[in-house]
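Both complexes below contain subunit A, partnered by subunit B and then by subunit C.
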Partner chain A sequence: MKREAPQSVADYGPLFFPAGMLLVFFVVPFGTMIAVSFFQRQQGGFYTPAFVFSNYERFLSVFFGGVLGFSLMLAITVAICCVVLALPFTYLLSKLPRRLQVIWLVALLSVLSLSEVIIGFAWSTLFSRTAGITNILVQLGLMKQAVALSPSFGAVLTGMVYQALPYTVLVLYPALVRLDPTLMEAARTLGSSPLRAFFNVLVPALRNTIMATLIMVFIFALGSYLLPQILGRPQHWTLSVLITDQAIYQSNMPFAAAMAVFLVLVTLGLVALTLLIGRKGEKA
Partner chain B sequence: MSGLVLNNVTKQFGSFTAVENVQLSVPHGTFVCMLGPSGCGKTTLLRMIAGLDDPTGGSILLDGEDITKVPTHKRNLGMVFQSLALFPHLSVGENIAYPLRIRGKSREEQKKRVDELLALIHLPGYGDRPVSKLSGGQRQRVAIARALALSPKLFLLDEPLSALDAKLREAMQVELRQLQQKLGITTIVVTHDQREAMTMADTVVVMNGGHIRQAASPIEIYRKPADTFVADFIGSTNLIETTADSSGAATVFGNKVPGLILPAGMQKATISVRPEDVHLTAPGNGAINGIVTFVRDLGGTIETFVEAGGKQIVAVSTPRARPEVTAGQQVGIVLAPDVCVVLKQ
Partner chain C sequence: MTTWLRRLYFFAIGLFLALPLMVVAGVSVNAKQTLAFPPQGFSLAWYGEIFLNPEWRSALFASVLLATTSAALAVLIALPLSWFLWRRIAPWANIFQVLGIAPFTLPPVITALGLLTFWATTGFYGQPWTAVIGHAIFFVTLPLVTLSLGFSAIDRSFVEAAATMGANDRTIFRTVILPLILPYLVSGYAFAFVLSLNEYIVAYMTVGFTLETLPIKIFNALRYGYTPTMASVTILFVATAAVIFSLVAKFGDLPKLLGAMATDDK
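After this line comes the complex of A and B, so read on.
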């Protein structure tokens, strides 16, 4: 069906509401943040309108560069772990009878209802020396004595993967349910074992979905600031932690805003790069 | 024995029996069509032969070897699915080369075989095209080529032509049959289209309710249907109730049919007479009399609907071979004993 191009202002009517929402809830706050990032900070006070680059200059240091690098690395690792775990899981889930699928999905949704704080403290208990999972390993005779697994990078990663996994499954689920089941069967009749067919048929056929899921989990993980503090050491803190610290505890809004803008730009750049590589791969 | 043998194959889904005690042997190199209405178990049977479903009972033998427990990827078969199941992320050539790649064949070997197969399916030079750029018929051929890439022992097709339009379907039926004869490969096709089965098959297996109702050559299925289901499902037919006296001489609607004898011990039977075997004549000259209710003149053939004994009997003939009759007219119906098939009860 071909539609006529809009003729009058009234024809654009249906766009007003979404445009208004976007303006109020996205453009204005984001614009404010960009503006604030150029403001002058008042020592011991708030900030005054100005146009200075000092906030950005301060960011360009080895320390903040290191934190930015660590944040990106952590988010990418979380995204990859989530997809690697969730893809086979969701595939097997989609093969289950309908009733069991619903039970699993409800269970996953209930994980989403947990707050980040509860997840963080639950894992820090599980990773503790006195009450943690290593005690079970000691009971089983696999370890000599209980040790504390937290704070550590592994603990931060586990907590964040745990938090992001339900989202990953829920994003992959519709694509896997819609995937033509005869593709895998065809691969088997052509001499591919089920495991090989998973890697050389299912994964490439779902390339775009997997890419989109990676980006979603990456961005989700980038915003995490509670779990790194609860489960990690200061060197495991992400840029989001520092932004919160500057904004709330140091009362340095302009610098916090500058860091946030920088993070957004780097994230957008990475996502654009991923899409570009993805499109090139598709043509080849 | 070389070829495929099904021994009492049964498949149950919970309390539902999809296929029950199927016994069938397919000699090497034959073309078999499994025909039946939807839900008759034909696709389930094919999937069990492919190893995609496990039988709950019985065994499947291929060239004398029991393959009931052999996983699909080790069965050495080629299968074309109803959805075709071409891999969307691969080109035409890569799709055909997929089974060769899995077996670790060298690039030169893959390329040589792909070119051979593309020539076989009349699509030379299509190797680099994406699958999404092909027409329905071309995709069909690619799916066939991919299934044949490893020269399998068994070629299985599940409703392969159902997605094509009528004209292309007819052409592909002939092509598929010629391809099968050229390669001499044992082939099993599942279809619900009886024309397709009649065109291609050496043996037609008619299924209903999870059972094989009859397995025979197309012409035998048509001329000598085993029961009312087969007679009614294959082509159109007139099913007429008859009774027999003590000598076995059959009576239709109170009139004796000269020469028609029911087998000994049969009191009642249903006979099947194909419409083209029903001849019309002047009233009183045939076995039974009736009134013409409708004439459908299709140009090439004429269908005459005659009501006799409260039943409708259809006669089909070419315009020249038929007496001139119109609706409302009295006619006699000739039932030659050699065209009346007595069906099993």
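After this line comes the complex of A and C, so read on.
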């Protein structure tokens, strides 16, 4: 059967249901959210249609500047940690026998699918004073007394790296599987040590993949909304947490929507910027 | 890298991934209602609690029902769309592929808030079925990606042969395409099912006050009173995910499935 352009309306038949669902339940809600971001808030959790910029003006405060700066900084840190940890790991994984690869992939998928609630609960237990890792250190005689390690910035960072690491590996995996094996062999034959070959041959060859992965993990980390709440203090809250907080607990939907629109714009803007830099780098 | 260094690295990453789960597994077998580790005594009572305690049981049922139906709806959206894109030359229709992948790529809170404002505006806010649609839209990416991959693997000459023999589109779909696409359909369903089971923010924002799914229940328990049942549910979730993904790996080609997933994701 040749691929052909649709001839009649009936040929479009299969498209009706999926297109309708996506338009009604994704595009329209997205539009609704943008509309609500310009609405006027009323006391008691309601809002009335209007066209005001006051919801956006609230960003222009030191507080929101701080939250935004912290969210971006946290997401970038998580992305860098994940890529640094995952790149050698994924490379080694792609060299394993197939059976072992499958076992690792199943394990990675299982951790990746875990709810943020569960990851938060697991790490808060691990970092707690009563059931935490410090109890093991005390038993080993390395510490005198068990201490609580959360809430703290380190706890938030660890939890988010844990959440994003399997994702990073799975994003890097296809590129590394398809990597030309002769590249490394050539480097080795010419007398380079494996570590040198990794940094001088593999990493430059994968420069674009690494950049793309950093962006994807960055966006992934930007979406984390529960871990900063469970493992951090209020000053570790990110924009995602604040959006949830405004929408649900403060019942200020217009402001939450404005922040969400802003988050989308920041995300898309950063992606565009990085793509632009990448393209310039290629030309040079 | 020398062999032992490589093994050490694998061990370290494995330990990092497993450590929190090991502690939670330890907590889940405490004999008394305490979150102590190492566990004091041994008891499997907290696993029984998931099914015996009415609150946890109804949360479990709600989650399983939500995951089964929303994953089915996601597949129902993805199958005709990916079939159409494979069968027809219609470049503009690719916009729907992008729309299907967008909710999964953007920060989840965006999709959640969009649906919240939408249901609030239309007056259906809080209806349990709105969560089914929400999850189906949020996770449609997964069957869409696996099915696109499955279609691209089909040899078009099979379909041509069937058409030459006089089969119409409907017959071809049922007798040729469906059997070939089935493994990809099942794995797409499985991915959507497991992720829906674990999803928190979309469910919480759309039906959080009327329907308590397991992740919502765990989060509420985190805030209002710890119990080892949280730990046993966590282990149940990890085990479920591991079993489902092992089955996908056994009956499908997991490396190939993942090799194409991430490239399509970009």
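As a working rule, the second predicted complex is superposed on the first by the 257 of 284 C-alpha atoms of A that agree within 3 Å, B and C clash if a C-alpha of one lies under 4 Å from a C-alpha of the other, contacts with A are read in each partner's own complex, and residues count from 1 in each chain.
In the analysis below, a residue touches a chain if its C-beta (ideal position, glycine included) is under 8 Å from a C-beta of that chain, and two chains touch if they have at least 3 such contacts.
Quick caveat, the model's predicted, so the values are computed rather than measured.
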Which of subunit B and subunit C A:230 touches, first, second, both or neither: second
Which of subunit B and subunit C A:40 touches, first, second, both or neither: neither
Partner with the higher number of touched subunit A residues, subunit C or subunit B: C
Touching partner for A:61 - first (subunit B), second (subunit C), both, neither: neither
Contacts of A:48 with subunit B and subunit C, given as first, second, both or neither: neither
Partner chain(s) touched by A:121 [first = subunit B, second = subunit C, both, neither]: second
Touching partner for A:243 - first (subunit B), second (subunit C), both, neither: second
Overlap of the subunit B and subunit C footprints on subunit A, listed as residue numbers: 194
In the complex with subunit A, residue positions of subunit B that touch it: 50-52, 71-79, 81-83, 85, 87-90, 98-99, 102-103, 146-147, 149-150, 156
Parts of subunit A lying in touch with subunit C, wherever the complex brings them together: 1-6, 11-12, 14-15, 17-19, 21-23, 25-30, 32-33, 36, 85, 88-89, 92, 98, 101-102, 105-111, 113-126, 128, 130-133, 135, 162, 165-166, 170-174, 177-178, 194-195, 198, 212, 216, 219, 222-223, 225-226, 230, 240, 243-244, 247-248, 253, 256-257, 260, 263-264, 267
Contact set on subunit A toward subunit B in their complex: 180, 182-183, 185-194, 196, 200-201, 204-205, 207
Footprint of subunit A on subunit C - complex, ascending: 1, 6, 9-10, 13-14, 16-17, 19-21, 23-24, 26-27, 34-38, 76-78, 80-81, 83-84, 86-90, 93, 96, 99-100, 102-103, 105-118, 120-121, 133-134, 136-137, 140, 156, 159-160, 162-163, 172, 194-195, 197-201, 204-205, 208, 215-216, 218-219, 222, 230-231, 234, 237-238, 241-242, 245-246, 249, 254-255, 258-263, 265-266
